[in-house]
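One chain, chain A, appears in both complexes that follow, with chain B as partner in the first and chain C in the second.
After this line comes the complex of A and B, so read on.
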């Protein structure tokens, strides 16, 4: 009986959604200019001129109708994805118009102008979702067809290029280069919801898993293409100084998060003071950079300074990790927390004269290679590249290196032992794993990678200040790892990207940033405890739960958007 | 010939509770020794003393004549492997990875080799995988190597624990209630498996409640009651001992008699 209602409900929801997309959304021109393209957002001004979020809604509504009636596999996940995406878009814009846009009058009827578009769309997506949830759960679709190698290469190439396109589009959704457009936030979130819905549908069809298995089969090819895609970014629509800086920052934090992922995700050791190792790396590099304020007045080549940073941070990692021989779990977290705090106090007070105290170590010289300063905007073959592009390339290299370390260690005797320690330390020991040494090795490896990232960070910012390495940075990194998916590289990168891009895109909500992170984490932990991109094992666990029914929800990737939307309105 | 594993007057005291009192045990090479006793008798505690998990309060454990190293990892390295009474696999690792983890002590790749995946690393890794697959086939789990271990049925999980222990190339294998929760067919398969393990030259100690299973499997049997070694001998000697009937089996004598009868008949047929 339940399922009998599913089709009519999701069909009705989809139709209502389309109607909502076509209705006017605001009763007057929003304060700060056109939002997003038609001042009053009234459909009747330009009947076929739907664009931006209303276009996404219309497409989602049409897709909802199609997938309600066309027989597809795993209909429930398809419709759920569409429903959550639509809900995200409608709620974000409803809250934005009603909040920043001018109150309830803006979305209901004022001066004889009715504008119920957003409300209708919210109702439509709710009905669609309600219908979708009536459907019986199905196991995840698995496509296991293998194609000839060249066809798989082509598909992978296409997938990565599409990914690149999606990323640049996401970054620039709602405006370029950080010009303070008051509408960036909602437009960005709308785009993200739409992309989330698309990915959700692809996931339901088994396409994402299929491609990821394919990339597993052609690992080297995938890595090469991925690196090429990353190198291609400066030549796309985000190729400007602003985005070079943002993406370089994401890269540094992503590299650091991958390092943390060794400690937390593989070995299962909670480290609450991790960013201190990045700080140590940054200060070592700063002191060896020839900066005027540095303690040592020598200037080593960057590569030497970076290696020194990694080594020093690694030694500290081993020292901080040594209590892991004695303490476990919560106690270890407290030890690492204390270390992080000690580092901040010591560097703030310039003990040993190595950190510049509250003056920091400013004016770290710009890196240069063959006479090209890294902060300049180079021209290659008549093509003007954005400023900071060389740092961007350096950081792509850093991330690639860290991925190499993580990937190879994970798929080795050492990585298996780390995972065994995470799963059951006593048994690991009983099976002959020298748990003490390996835990220290995990700490040391993670710290070394953070130290390297810190060295790059110091040069990129031209400053090394204790202020960049505080507790909340450690927590944000940890959140990136958990949110993205413990134990996976794409997870850490996605987590770092979300936690360090979202604040840029959502600057107008910056007061609520931490609240938003908190809520997003709670939602993720509730609905997708394995993180957005789960590792193979956890993915299998998930598929497993799936067949037994209930507790599964793979739409979590879209839910933070809904949360963000609530925040936006707050 | 010295026994491979020898416990001499091992006592273990927790706080005021003496869980083991002067327990001795000899395991000769290529033999299967059974350890029976009521719940709480100290059998698992004894295994923990034999694997370095606990350091006996007094007494000594010798492996091939040498004192046991103090650390469980080193004990495994020296050649003692075990399974657990309540199955303790690595639940979110695959079947194959569980066995590969058992192979850990016999693999030599250090951090640098693991980082660079050079030719030597790949050879070692391939060899480990071959050995792991061989062991999975040996215990009868050849077809499920990519399953998560937590998804295996109960009996298969026990067999996987045995494969993981065997992957450490042990001289001595300690099995803590390997047939608990198994149906008769599985129990019979487990018995055959233990014989086959013995035939590869591994000496085995088995804890089990099922007296029929123990008496038909083992070369010698020890009976532990309240931390004390009550009787030690061949299955026939133990079976006939009135103290065992009284103290361990703790059942009305007629019932025990009937059970023993059944065992004997089973043997004759």
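After this line comes the complex of A and C, so read on.
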């Protein structure tokens, strides 16, 4: 009975969605700022258009109809992805037009002009979703066909190039180089929803898993291609000073987030003062950079200063980690939080003249290599590259290094021991894992990586200020790790990218950034504690799913887990 | 000598404030082993709730009469805190009752950031510090060379009275016994006919009311509030709860007074002065956690996952 309704409902929803996309969306022309093309918001206003969010909705609606009737595997996941993507686009644009157009009049009817497009689209996607949820759940599709190696290489290459294209498109969705386009927010979010729907459908078909398995089989090749893709970014449409700076910042935070992922994701030790290690690295590098305000007036080569930053941060990591020998879980989180606060206070007070206090350490000299200043725009073989591109390359190198460390540790004896500690410390100890040493090692490794990132960060910003290393930054990094998925590399990178790109794209909502972070943490913990890209074992642990992603029978698992948790807590 | 005595008095006043917040931490932890990071924000919403009552609900003539204005503000602050805390428990924590332990802790962090930002955005003018009326402006008490501000004295008295009432309630009343039973063994207490959800809601509620009253008194004492007061004072309160032995009511109150005294004495007598008083408290907190995790009055540490 339930299933019988699914097909008609999702078909009707899809049709309504297409109708909604074709109707007018705003009753009057919004005039919001000087941006030449979009000042009149014509695509909100002109019906039958085939661009931007209308196009996405029309495609999603068509896909909805097609997948409702064509027999595909795992129909529920496919239709759910389409439905949520469409709902995202419709709701975002509805809220934007209503909010910016000054109320309900903008999205219903005013001055004899009807514009019910957004409401119809929201209803359509709701019906589609309702239909999709009537379908019976299916196990995740697995494609396990193996191709000859050259075919797999070609597929991987195509996948990574497509990924590069998606990323550059995402960055430039709704305008280039940060020109203040007042509509950048909804444009960007619409694009993001559409991409999310696309990835969801691919995931339902098992394509994403297939490609990730393939990249697992050809690890070296994938890493080379990934690095090449990253190096190719400055030559694409985002190759300008603005995006070089943003992507470099994302890179620094991604590297730090991967480091935090070792501590939180692998070893399961919650660190709430992690950004302090980045701060320590930044201040060490600043003091050894020959900046005028620095305490030591020596200028070491960057590579030496960066290693020194890593070592000093690592030593602090070991010191902060040492209470882990006696303190567990929540208490450890508090120790790290207290350490983070001590760091902020101490550096704010310019202890020993090392941190510059509230004046910070300004004018850290630009890095240079073979006479090329890193902030300049170099010309290679007659090709003019954007400014700051050398920092970008340096940071790509840093991220690659951190990924390399993380990937190798995770699959090593040490990594397995960390995961054992995370799952159950007492059992791990009973099995002969030296828990104390390994926990300190986790803190040390994480801190060293953060210290390195901090050194690059100081030179990139040319300033080291205590203000960049406050508790909020630690929360943001933690949110990046959790949002992306604990214990995975792509997760940490994706999380950092989202948390540091979204504020750029959504500058008009900048004030609400932390509000959304807080809400996101709560919502993720409630509905998807394993994060966007879940580690298979982590997922099994957090979401009552087995390693194939299939939901286990609720009654079978809930009770023993609850009892076990109680016993462990008592 | 006079300075030392003055600092001790200031320390006791500050300790009284911290005690009202620390009780919420210690009770919630005692029942569900959750460090409710957002409890500091409950205190902060209480302060803003009291301010809102003063600004928008009280007529101008009532604002001047302290024995009308102050109780009204305290009730208003307590109600706001109570509503926020119960919503938080219901929407954020209860769904995670059986989740791995990291999950509710991260949720608590999220709630904390969310409440700070929500207050900053929603409350008019809360982007910077908002002036708080000095409702209780009786003349300060002089004993020898020591000056005790009247609002500070009030805070100390209210805090001690509420702590004693709470201790008696938990030790003597039927519901108090249910709370202690749930803290000891939730499964067995459920078998004995205790509804753990009710006990947990009651615990959150009591903690929130105390924190809300504390927030209003803090406002009248310091005379301005901002959305971030909860974070810092929450940390102090948490330190106090840990110092006294988390889960113990008496411990939290004594821990709060110890923290208050250390802060105010460090301001004058320890190297670095006021700029470093936070540092000393956090160092003490780390030392306690490392060397005596059960705190001064806590039970011997149990093995926890």
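Operating definition for what follows: the second predicted complex is superposed on the first by the 520 of 570 C-alpha atoms of A that agree within 3 Å, B and C clash if a C-alpha of one lies under 4 Å from a C-alpha of the other, contacts with A are read in each partner's own complex, and residues count from 1 in each chain.
Heads up, the rule we're going with is that contacts are C-beta pairs under 8 Å (C-beta built on N, C-alpha and C of every residue); 3 or more make two chains touch, one makes a residue touch a chain.
The shown structure was predicted, so the numbers you read here are calculated from the model rather than taken from an experiment.
**Q** What does the overlay on chain A give for chain B and chain C, a clash or a fit?
**A** Verdict on chain A: chain B and chain C fit.
**Q** Who does A:432 touch here: chain B (first), chain C (second), both, or neither?
**A** first
**Q** Can A:499 be said to touch chain B (first), chain C (second), both, or neither?
**A** A:499 sits against neither chain B nor chain C.
**Q** For A:250, using the defined touch cut-off, is the partner it touches chain B, chain C, both, or neither? Pick first, second, both or neither.
**A** neither
**Q** After lining up the shared chain so the two structures overlap, which partner does A:424 touch, if you call chain B first and chain C second: first, second, both or neither?
**A** both
**Q** With the two complexes superposed on chain A, say which partner A:21 touches: chain B (first), chain C (second), both, or neither.
**A** neither
**Q** Tell me which partner A:308 touches in the superposition: chain B (first), chain C (second), both or neither.
**A** neither
**Q** Answer with first, second, both or neither: which of chain B and chain C does A:339 touch in the superposed model?
**A** A:339: touches chain C, not chain B.
**Q** For A:519, select first, second, both or neither according to whether it touches chain B, chain C, the two together, or no partner.
**A** In the superposition, A:519 touches chain C alone.
**Q** Give the label of whichever partner, chain B or chain C, reaches more residues of chain A.
**A** Larger number of chain A residues touched: C.
**Q** Contact-wise, after the overlay, does A:354 reach chain B, chain C, both or neither (first, second, both, neither)?
**A** Neither chain B nor chain C is touched by A:354.
**Q** Once the two complexes are aligned on their shared chain, state how close chain B comes to chain C by Cα atoms, in whole Å.
**A** The answer is 11 Å, the least C-alpha separation in the overlay.
**Q** Considering only the contact definition stated at the top, list the common interface residues of chain A for chain B and chain C.
**A** Residues 424, 426, 541 of chain A touch both chain B and chain C.
**Q** Residues of chain C touching chain A in their complex?
**A** Result: residues 33, 35, 92, 95-96, 98-107, 109-118, 121, 185-187, 231, 235, 238-239, 242, 272, 275-276, 278-279, 282-283, 285-286, 289-291, 293, 302-305 of chain C touch chain A.
**Q** Going by the contact rule set out above, which residues of chain A touch chain C in the complex?
**A** My answer: residues 268, 270, 272, 323, 326-331, 333-335, 337-339, 341-342, 345-346, 348-349, 424-426, 471-472, 475, 478-479, 482, 511-512, 514-515, 517-522, 525-526, 529, 541-542, 558, 561-562, 565-566, 568-570.
**Q** Can you tell me which positions in chain B touch chain A when the two form their complex?
**A** Touch list, chain B to chain A: 51, 53, 71-73, 76-77, 81-82, 84, 88, 90-94, 97, 100-102, 104-105, 107, 109, 111, 114-117, 121, 124-125, 128, 148, 150-151, 164-165, 168.
**Q** Show which residues of chain A lie in contact with chain B when the two form their complex.
**A** 405, 408-409, 412-417, 419-420, 423-424, 426-435, 441, 445, 537-538, 540-541, 544
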